[in-house]
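Take a look at the structure below.
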Amino acid sequence: MTRRELRATIARTGSIVALSDFSNFFNGGTVMAQDTQKQTGSAGQLAPAYRGENQVKPLPFNAGKLKGLSEKLILSHHQNNYTGAVNRLNQIQRQIGNLPKDAQPYQMGSLKREELIATNSMLLHEAYFGNLGGSGRADGAFAAQAKAAYGSPEAWERDFRLTGMSLGGGSGWVVSSYDPRSGGFHNWWAFDHTHSLAGGTPVLVMDMYEHSYHIDYGANAKGYIDAFFENINWQEVNGRLEAAQKSAATA
Amino acid sequence: MTRRELRATIARTGSIVALSDFSNFFNGGTVMAQDTQKQTGSAGQLAPAYRGENQVKPLPFNAGKLKGLSEKLILSHHQNNYTGAVNRLNQIQRQIGNLPKDAQPYQMGSLKREELIATNSMLLHEAYFGNLGGSGRADGAFAAQAKAAYGSPEAWERDFRLTGMSLGGGSGWVVSSYDPRSGGFHNWWAFDHTHSLAGGTPVLVMDMYEHSYHIDYGANAKGYIDAFFENINWQEVNGRLEAAQKSAATA
Amino acid sequence: MTRRELRATIARTGSIVALSDFSNFFNGGTVMAQDTQKQTGSAGQLAPAYRGENQVKPLPFNAGKLKGLSEKLILSHHQNNYTGAVNRLNQIQRQIGNLPKDAQPYQMGSLKREELIATNSMLLHEAYFGNLGGSGRADGAFAAQAKAAYGSPEAWERDFRLTGMSLGGGSGWVVSSYDPRSGGFHNWWAFDHTHSLAGGTPVLVMDMYEHSYHIDYGANAKGYIDAFFENINWQEVNGRLEAAQKSAATA
Amino acid sequence: MTRRELRATIARTGSIVALSDFSNFFNGGTVMAQDTQKQTGSAGQLAPAYRGENQVKPLPFNAGKLKGLSEKLILSHHQNNYTGAVNRLNQIQRQIGNLPKDAQPYQMGSLKREELIATNSMLLHEAYFGNLGGSGRADGAFAAQAKAAYGSPEAWERDFRLTGMSLGGGSGWVVSSYDPRSGGFHNWWAFDHTHSLAGGTPVLVMDMYEHSYHIDYGANAKGYIDAFFENINWQEVNGRLEAAQKSAATA
């Protein structure tokens, strides 16, 4: 989807978020005035780790076709929260690259934290949108693992949903990760973007930040979780799990 | 406002959150079955610190009369997020009181963290609702302190707003606190409920959790902050600051 | 204590931390080269909120006279951790004051977080050192409140100690705070410097960062907590509580 | 190393941590009395995800042979912090498995957070001990990636060290992770065990919790980081990186 198409879609669907409101907040660095430019810098002579060249990935499904999650919600989520994170990440990486040689440790630490927040926001949002757009019930590799680890897919789902409910009214993620150490998978709680299983591969990802549902569901986190389950792309989820299992076998 | 009135108001305003959806999530402990009852317990023979007898305070203003913040948003915020925190806090305190004598340290630590989250959510929400319902610009004691600390009320406001914008798309609070050590006041960032100036007295409190604005503003955090400033009850804010100054002088 | 005296004391006690090792890490801004100077700036024309003029308070007791906590440990704690936090805070505040007019929100947010960490580290360390240097058991106002809230001073102590043990091997604080809302007091968990009861007044403060005990006790957190209790200055603690009660009555 | 050998070694090296002091704190569940047993339960009929059957891995090198890191420090670190985390994890998983059917969401959330803390502590400690015991400078695959991402191994090392120094006096990890999205690697900041790159594979891991160095270095974090670099097992590190690259190519 081009920027122009997105703009048109938002106009058509009456999104309450005008892109222009956020041109300063979420810009990619282009409208910054001279002073900030000095701090966050340009990618020019920086090493790749500091160039901030992460690209936004488009939605992998038609935003108007999910069940119980409105086009307005999904487009706002993708444009403001996900795209905002990618653009911010690029600025942060360049600012780290432009730190003075004698920077104080806290200057590095505070920016590295922002980098982790923005990076995981980018990665988890991509995994989240990537596992939406489908329907049906868990099957295949995922259902097999859910049974192996939790006794039954229903028991797995109870664990996953209750973890999600514990994040209602706040922020966070619920992530089923494949863990190469145990060779199995497990549901993990994340209170904010920075929390993640070390070395785990996210297989199924549910966003519990309130921006994932408040436009449609208000405080009704349970209603949102129900809708999330209606739209899981199990083919994608099974593919991730199988790739992780295959990789672990290779390593 | 009675529960019945609230229900009626919600029905009238078309709130998308049905109370019944949350009777389990946010109940005050009354519908818990026997097993949970054993863990979270009743207040019966517990010491006061563990009785969980915190009471919900009603909104101190007419929810339908704010500028730019809808009655639906305010009622949902008060009923689901604030009231939910108070009820949850009471359960947590009783569960701590009912920990076995030989509880493992992590059992205490994990519940103490939940207690701090729920307690600060209660206290900050009360301070937040308490400093809404007014209008106009900062004056009196607050304007004087803002000028003394930041050079001008405008400079104070820039600092406060930019801190708020940094929390857009996530969670947290911006709090102007009176600090008895310095005898002045200062704007503080909080990423979640647990962050707070040690020993400081909150004077002006702005909620930046997405449940404070998404129903009305979607991702437009700036629009919400504008509306917040339109509704500040400066009389209340000045009263808090003067009380803190007087107390510090007494101590 | 002058810097020269401190240096002499450290030499005499065989401290393993040479001050020179930390002249860059914990300097007060004096040895920063030009580039960093540009970012963290000088206090010159900044408003008071950004001037970074916090002063280090000397230890309120003779570091060589505590029971079970060595002079080496206490001096390292005061010089490296507490003094380091004050100096870092001053740099952070000046860097915030020197942010460009068009700073991105994340730049403000990341520095405000660092400011909260350093400020609470300063305040809690001052309260911690301030409530050491005594002996005996809780008495007076504190014992009365402990009994009122927890049933008995022993029950209060169990709660306080188990919370401390939950932080062993990591970081954090245990703080008994006076809470003006309830008019009573309560033990609070803090996992890092940023966690604190909103609006509460710290009355008794125990540092659980590993730098508080590892030099003397290694991983034996329980041994450290025992030693902490041997050295509490209950006169100071009672004074804080009485001042808080009096202030609350005035407000 | 058997438990008996470990005990002997500790006695011989004069470790200041007596194992018995921690039999209650860090036990594997065996000395818990009946009440706690009810809550944390036994593994009996639980599904694998809740059985808590994680095993402690022995140190992969001779604890007495590192340069600048004492046997006492390393054994205490392995026995108290790492082993303690594994045992605590097992208790937490069983407690989650024994939650009542009608558990409140906060009960699940608070335990899932403890599970993430203990799990990442286990995994990162294993990776940390696993990449010690060697010597020399970065070479092979790692040096090649460091040059590709940061311009030179020296530039990579500056970034890694400054991130480490920002955690001095507190807690956390510095982790160089392989990231399948970018196909490269990057240095990450972690303030506590819960922070981790989503989907990344830890390649080089440095513990910055104060228990990693205070026994030997006190507050001198820089001295510890120097010692860490003297002991890196680059063969292991290169092996991890190559396995991650190979797995990514397969997936």
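Letters are used for the chains, namely A, B, C and D, taken in the order the chains are written, and counting of residues starts over at 1 for each.
In this section, a contact is a pair of C-beta atoms (placed from the backbone, for glycine too) under 8 Å apart; a residue touches a chain by one contact, two chains touch by 3 or more.
Note that this is a predicted model, so its numbers are computed, not measured.
Novice: Among the other chains, which touch subunit A and subunit C together?
Specialist: Of all the chains present, those in contact with both subunit A and subunit C are B, D.
Novice: Report which of B-D and A-B is connected by more C-beta pairs in contact.
Specialist: Between B-D and A-B, the larger count of C-beta pairs in contact belongs to A-B.
Novice: Starting from the Cα centroid of subunit D, hunt down the chain whose centroid lies farthest away.
Specialist: Between subunit D and every other chain, the largest centroid distance is to B.
Novice: What is the Cα-based rotation angle between copies subunit A and subunit D, on a 0 to 180° scale and rounded to a multiple of 5?
Specialist: Roughly 180 degrees of rotation.
Novice: Hey, how far is the Cα centre of subunit A from the one of subunit D, in Å?
Specialist: 26
Novice: Can you give the whole-Å distance between the Cα centres of subunit A and subunit B?
Specialist: The computed centroid separation for subunit A versus subunit B comes out at 27 Å.
Novice: Roughly how far is subunit B from subunit D, centre to centre by C-alpha average, rounded to an integer in Å?
Specialist: Centre-to-centre distance between subunit B and subunit D: 37 Å.
Novice: Would you mind listing the residues of subunit D that make contact with two or more other chains?
Specialist: Answer for subunit D, listing residues that touch two or more other chains: 25, 103, 105-106, 109-110, 113, 165, 168, 191.
Novice: Enumerate the contact residues on subunit C facing subunit B in the complex.
Specialist: Residues 47-49, 103, 105-106, 108-110, 112-113, 115-116, 119-120, 123-124, 127, 148-151, 155, 159, 162-163, 165-168, 175, 181, 184, 186-191, 194-202, 243-244, 246-248, 250-251 of subunit C touch subunit B in their complex.
Novice: In the complex formed with subunit D, which residues of subunit C make contact?
Specialist: 15-18, 21-22, 25, 72, 76, 80-81, 84-85, 165, 168-171, 191-192, 209-211, 214-215, 217-223
Novice: Would you pull the subunit B residues touching subunit D in the complex into a rising list?
Specialist: Touching subunit D: residues 25, 32-33, 35-36, 38-40, 88, 91-92, 95, 100-107, 109-111, 113-114, 118 of subunit B.
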